[in-house]
Amino acid sequence: MAPPGPRSGDAIFASVERVNAELFTLTYGATVRQLLTDLEEVEEVNKQLDQMGYNIGIRLIDEFLAKSNVSRCIDFKETADVIAKVGFKMFLGINATVTNWDADGTCCNIILEDNPLADFVELPDTCQGLYYCNILSGVIRGALEMVSMKTEVTWLRDVLRGDDAYELQVKLLKQVPEEYPYKDDE
Amino acid sequence: MQFFGGSEISPSPPTPTVSGNNAHMMYVFNRNGVCLLYREWNRPLHTLNAQQDHKLMFGLLFSLKSLTAKMDPTSAERGNLGVPQLPGQGCSFHSFRTNTYKLSFMESPSGIKIILITHPKTGDLRESLKYIYNLYVEYVMKNPLYTPGTPIRSDLFNTTLDQYVRSIA
Amino acid sequence: MAAICSLYIINKSGGLIYYKDYGSGGRMDTNDSLRVASLWHSMHAISQQLSPTTGCYGIELLEADTFDLHCFQSLTGTKFFVVCEPGTQQMESLLKVIYELYTDYVLKNPFYEMEMPIRCELFDINLSQVVQKDRVVLLGR
Amino acid sequence: MIGVGKIKQYSNVLDKPLSKGKQEVSLSAFAFLFSELVQYNQTQVDNIAELERRLEDAGYAVGARVLELLCHREKGNRRETRLLGILSFVHSTVWKVLFGKVADSLEKGTEHEDEYMISEKELLVNRFISIPKDMGTFNCGAFVAGIVRGVLEGAGFPAVVTAHFVPVEGQQRPRTTILIKFAEEVLIFPPSLVTVLLWI
């Protein structure tokens, strides 16, 4: 029988074990605070958060693939779409919409309807320049890299910096095909 | 791993005959790795040139045989990997399947290896390969003009083979 | 003859990161299991090269005289394969369950380093519940 | 301590209600984040005691906020003043909010007056974690110990809180016990007495 198509984000979110978002939010808050204490430089914290997100992304992608029954990740447009729609719902219980694709389908924006990372959070002025939710951009970059798509993920809008929504831009830099690893004198 | 016989020229692939069946292609190798026959019926993708393709196929068979001999859970002594097996010695494989094709494989005690690549859902073709081996014995081995170890050029064999393969896969 | 003979997990560069023998035909020593893993990795890659059509993802089932070998490769390149009695059923779903155990008890373990051999107690405990001795207990996960 | 991520006392978006705490994320999201928090801290320390302390610190900050959040939401800003009251508040209310269930057990220590133990067969944070043999008795539950200390001290009950694996026969996995050792002034001057004194 044909392999079942990718499961919807809601279906997966309903079937997995869930926890109170506050535990997640407060733990993330503690993580950022630790980085601010250890690193002081806000720009360093942004980098470290992105790196931590990357470390999560390269692990989390396998769970995403296993639970979402996504069978192939060839086309960047399709992959980014399914990761945004299914991934954010499956892990964070939030809806994300993918908008304004560029002509050749290698760059898109993802708008988050909600953001559990940032509940109760208000940046004091000592933290200007901090991308509080930078772990998310790292997660997407790490996850996509594991399915051979090198990307650049940046924040377009951030509520904690005064914008009206959270919006990321995902740009495909290179699709790294798995080269045939054996020289021909095998 | 040097296992190629002297002859450099391998049979040039015949023009693929359009056939309704879902058999893709067939290889016949002798024990020295010479590609005696390559028939192609439906192969949209060629990643390598003919000579590399045949060399790679033989290499795959050789290694898979030594792998299966090594992994045979029923025999205690296993020999070690990569050591050439006598044809028919130890546990061998008879087919493998990927998402795009099924490869059926048969090896005679004389080291003649017959490989048929078909649609992934094809059933067990072990009997069919035995039958093809008989065709090979009838039309090739018994043909006085054929010198063993050289590519097969018998049209009668090819047409009979095409008909048969069309009927099974 | 046990239904399942052994289980291998290989990282995306062909290194063996997990090997479990279910005590059927003599355990393979570590060198051999490492060699089997890297040989399978290259066979799996070569089989894609020989595909008559595009979109080939490598060997999923190898049928030999005395065993079957079922292989699942994740889109991230990690391979899980199990050696079992010829004709054993449910191996695809078993491999899927093992893949999910891997995403839970290996990838979520802070003390597991990516691509390295798996030494996670929880992975072993949960695996032993799915594969008791050599019978597969496919409880609804 | 830089005050980022502090609870919103006031919010310029006045219409945004403080969440009732009904929103959820997947356990996996928390597990991957927590795993990364542990891995990050491993790079910042050179021994296990330090790693435990750093996780405990991280937990402490969470605990302090949980107390504020819950007092506002659950107890209408009335502060808990009795020792057993705060312990059962942690054992049930805090555990339910953070881990979705009441803790398995709350016991008073047998040897020492000032010791209490909250135990959990499978502490949520340890769900997917296998401790390598060479890390001895290290327990990532130090994070939860920090949360408990944050709640207790925030409520005026200073204590030393540690996490321990306790083997359970017949079980392959040990349970985790959060050991609470109250400071003596808590037993001599319980906060209820202190608050009375302040009013005089």
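Letters A, B, C and D mark the chains as written, and numbering starts fresh at 1 in each.
One rule holds in what follows: contacts are C-beta pairs under 8 Å (C-beta built on N, C-alpha and C of every residue); 3 or more make two chains touch, one makes a residue touch a chain.
Since we're looking at a predicted model, the values are computed, not measured.
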| item | value |
| --- | --- |
| Chain whose averaged C-alpha position falls nearest the assembly-wide average | C |
| Pair sharing more residue contacts (C-beta pairs) when B-C is set against C-D | B-C |
| Length of the line joining the C-alpha centres of subunit B and subunit D, rounded to whole Å | 66 |
| Distance from subunit C to subunit B - Cα centre to Cα centre, in angstrom | 28 |
| Whole-Å separation of chain centres (CA-atom averages), subunit C against subunit D | 40 |
| Length of the line joining the C-alpha centres of subunit A and subunit B, rounded to whole Å | 47 |
| Shared interface positions of subunit C, touching two or more other chains | 42, 46, 48-49, 55, 104, 108 |
| Per-residue overlap in subunit D, given as positions that touch at least 2 other chains | 28, 32, 34-36, 39 |
| Shared-contact residues (touching 2 or more other chains) in subunit B | 48, 56, 59 |
| Subunit B partner contacts - residues on subunit C that touch it in the complex | 1, 5-6, 24-26, 28, 32, 35-36, 39-40, 42-43, 46-67, 69, 83 |
| Of all residues in subunit D, those that touch subunit A in their complex | 1-8, 11, 18-19, 21, 23-30, 32-37, 39-41, 44, 54, 57-59, 61-62, 65-66, 69, 97-100, 124, 143 |
| In the complex, subunit A residues that touch subunit C | 58-63, 65-67, 70, 72-73, 146-147, 178, 180-182, 186 |
| Subunit C partner contacts - residues on subunit D that touch it in the complex | 28, 31-32, 34-36, 38-39, 42, 128-132, 135, 140, 172-173 |
| Contacting residues of subunit B [partner subunit C, same complex] | 24-25, 42-45, 47-48, 53, 56-57, 59-60, 63-64, 66-68, 70-76, 78, 80-81, 91-101, 103, 117 |
